[in-house]
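Here you go, one structure.
A, B, C and D are the chain letters, set down in written order, and residue numbers restart from 1 in every chain.
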């Protein structure tokens, strides 16, 4: 079917993009000034050790060959050693990734419903107080950088109205939960510990809100404007003129075309959240991939930086494929468009 | 002729101010620009924007003398904030001055040569840059280069042009079958004519709207980089590093972090509102 | 009849589809255009009339056949048109909204051909633009206007003026008035007729409007699914249409006077729909809708026959006569 | 007596739009009516207010449009101040409209089948029809408009159809509802002439069978002559001439109608007139007198200052023109 074909096409182009991303990352890794071997091992090693390291890591080969070695390694999950933690990078990543995934999942998906609700409400009460309130908050929230949200939350909910778990992390130390999916709220529930799940949720709440607020209001804004734009379209006038009740018109004819623009930007929004998580995790002491990546960046731990960037690129690509598929299901026209 | 122009101006102003809030945006942006330009004159303690230590005045809460208080070194927060506006605005202008033309040319070429290898190659490159959150790659680039204001601008520019490429691609690929483009081709016009004389005026509306909005977002990303120490280096003030310094002294010395934070919000808000108004003039939807 | 300015011989244009099938937009069309005449190329959507125009003007290459302009085959593989030829063959498009760049003044739009074909100093250029505007009956002040500030008919006149800038000999008119109101169309058409007389222009006039062709064309050619059905001098054509499709087309035209009603071939009821050019019917492509369909029509393709001097028809009914 | 046979009557309708804070007076005192089982046409060029009239009749003006004055009577009741449920009833069973632009009148993300079902469900809600019966009606209507493969059409989305097909789908959706009155806004614009002919004959046959009253709005005088028995000539938001179609086209009296007829290319040849100079007036400040006066070759001072009123010249043929009134 055409839907399946479009999805396959989408996957193929995603592969090309990811391959391109590996090249960029590799180039970045190699333009770091200085000798990669020395950067990895530090200043107090002998030339012999360096040479051995170079040999082992194919640093004496031509650049394209080095790339091939690095890529084949990366495909097997071998990103080398981290200069900071002195462990295999892949080990660190598998440890830290679930925390970030849990955070982005919570920040990315539940707020979409809120965004749609706010957008639709705002459009249906155009120029009434509900609309003005939504738009006012929208302007303010969209203009607030994520890290400022995070800082404000720490100040307000950490110090002034101390409702936030202060120490940070993902769970209070008094709880022990089974390790099933790595997503704590879910694991706690699966393990039959509602109290632990609540605690994990509280830990999540503020970082997730800091990540989500701006994007949510932006999605609401887009929903609102496309609702209003579509409401004046001929195809809505046509069904209204046919005597279809207004509520049915709104639900069956107006909503679907109006949420499509929102759906298509969700992919980008979630991607941006992976980026903004870098700061939020740091500020909230959230032990995730992003704070690991941040530490790696500040310490010029190239192997770790590359791995994190690549993994985030992968996560983003997968998200946007998922979003595109949803959009294709909603909007038959997208199945025909050349996907990218 | 004159009357026509005047009429068009009145109409544009009406469209711009229709939402009401765009005028506020314009006022905010003008104020920020004025404050930035005249910062050294307005700032009560212009010398505080550097490695100055005044122990006698350190850690003071906001007062008549220091309306936004002083930091741990006794420097006037208000003065530092004013000076930091200059770097922020400069960053916005320079980043866009490079990212926009590059993105435009790449995007228009890809759109004009849609369904050929030119499009495939150019737009794949764009896609690759868009496949990682801009902030992540900007952080990585800024970290690999020496951390300073210039390099943070380079990093942001590298991440910003693909957006303009994508925008111009959309416009060009939908316009390339318009008859005036076809006519120019058939009459023997050169590629440069088609790009700069035919496509450029038609992309201008959308580019200008996006640029206005993006001024705020670029400044925001610049502040984010400097917040983690990858922008302007201390003792020079920047919105991001001032917040970062201030966070360490929360909640007691709240003024250190809050004022710069609110300033960022106001700057981004101002450009957002202004951008919406500009979009209204051209009937362009903001992003 | 005078010199032949354009001769199309067995022209074919196929478009491949993504699924491997082919659209045969134009499939073996031959005709001549004499200097100074207006040849009306008439047909319904999908008949290939615009494809022919675009191939002549050079937007597409041909899949087969020849396009001879003053004896040179413009459609030959690898042939690149000279600047002179590009100037001599001009086109006026259908949509007045898209033929001028909405972001540039009339003057800037009209400078495009001048800058390429006839470089001259600024003042002379302005002079020339004013002269061209005058030729199409527009005041010279129009040069500083934006396209959105003038009417659709005026925009089409600007397109005509722009086409005149390169001193063309052949102008392809691609439904230049189909988007206009009749009161505006009248002005554009009258201007075109005047210009033709004054400048000895040859027009290839693409349209779906037969009534208009009655008043404009020297000869009329009817297309159906990428092939010619009938080609004849205008007066003869309207008084004795021969091809069943032509008759159906004529009888479908809504008219306003009794005199016109009398001209329409009576008792012919239009039926069916033009089939997709992807799988055109075998034999005569019109046989699926033809009321006179015979067995031979379903299998064998008819050929163009000259039934009377200069009156060609492509139909099995008239084979015997010839 | 005569009043009673009118299924729809538009009285003194004036409509304005507000664009960028400027009020434009589009319709001015429009009057006309449709008798039961008859067809009436409104002819005019683009921007003359034809579509606005049609939208007003269904009370679906765009959000910036306002009815300034007048009433629209359906079976004697003014639809402009009907309670909501009655209005809906009128839209479901009274009058339905074929929209002009086929590319925007169908919902892009809903299948043709569902668009049919939703519209027909309400139009036929009293009859308690099953889904299959509704689809049968849909298929029949599609066949009526010469769409050969109704199943394929029903399973399509609008973007998969050509412009001509979409327009016919719109026509079919409206016809399948089997309302009393059909409002046809340029029903042939996207159609080829041979298909248009089939559609026009279909509409005409429905009228002649007494099933339908039609208001047809178009720029094409020929279409009007083929389908309608009465015609109104509209210029710049006013109706300037009206009467029996053949009579009006045979002896046009208003200078605008005359000019329009002269501009029309005819199958009989003889060339076409030079066109009408000037453009339709700016609706934000329309001429104080006759709206055609600035372009009229017979203009007098009176035309510029005084609004002409309908003047009957016999046989139900009337015109709003001082020239005709004064017998010049």
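Just so we're on the same page, contacts are C-beta pairs under 8 Å (C-beta built on N, C-alpha and C of every residue); 3 or more make two chains touch, one makes a residue touch a chain.
Just so it is clear, the model here is predicted, and its values are computed rather than measured.
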item	value
Common touching chains of subunit D and subunit C	B
Between B-C and A-D, the pair joined by more C-beta contacts	A-D
Farthest chain (mean CA position) relative to subunit C	A
Cα-centroid distance, subunit B relative to subunit D, in whole angstrom	51
For subunit A paired with subunit C, centre-to-centre distance based on mean C-alpha positions, whole Å	56
Multi-chain contact sites of subunit B, meaning residues that touch two or more partners	none
Shared-contact residues (touching 2 or more other chains) in subunit D	none
All pairs of touching chains, each written as two labels joined by a dash	A-B, A-D, B-C, B-D, C-D
Interfacial residue positions of subunit C with respect to subunit B in the complex	57-59, 83, 86-87, 90-91, 93-95, 98-104, 108-109, 112-113, 115-117, 144, 149, 162, 166
Sites on subunit A touched by subunit B in the complex	13, 16-18, 20-21, 24, 28, 31-32, 139-140, 142-148, 151-152, 154-155, 158-160, 225, 271-276, 278-279, 282-283, 293-294, 297-298, 300, 302, 305, 308-309, 312-313, 316-317, 340
Residues of subunit B defined as touching subunit C within the complex	1, 4, 178-180, 182-189, 193, 197-198, 201-202, 204
Interfacial residue positions of subunit B with respect to subunit A in the complex	21, 123-125, 127-129, 131-137, 139-141, 143-144, 216, 220, 223-224, 227-229, 243, 247, 250-251, 254, 257-258, 261, 264-266, 268-269, 272-273, 285
Contact set on subunit B toward subunit D in their complex	11, 14-15
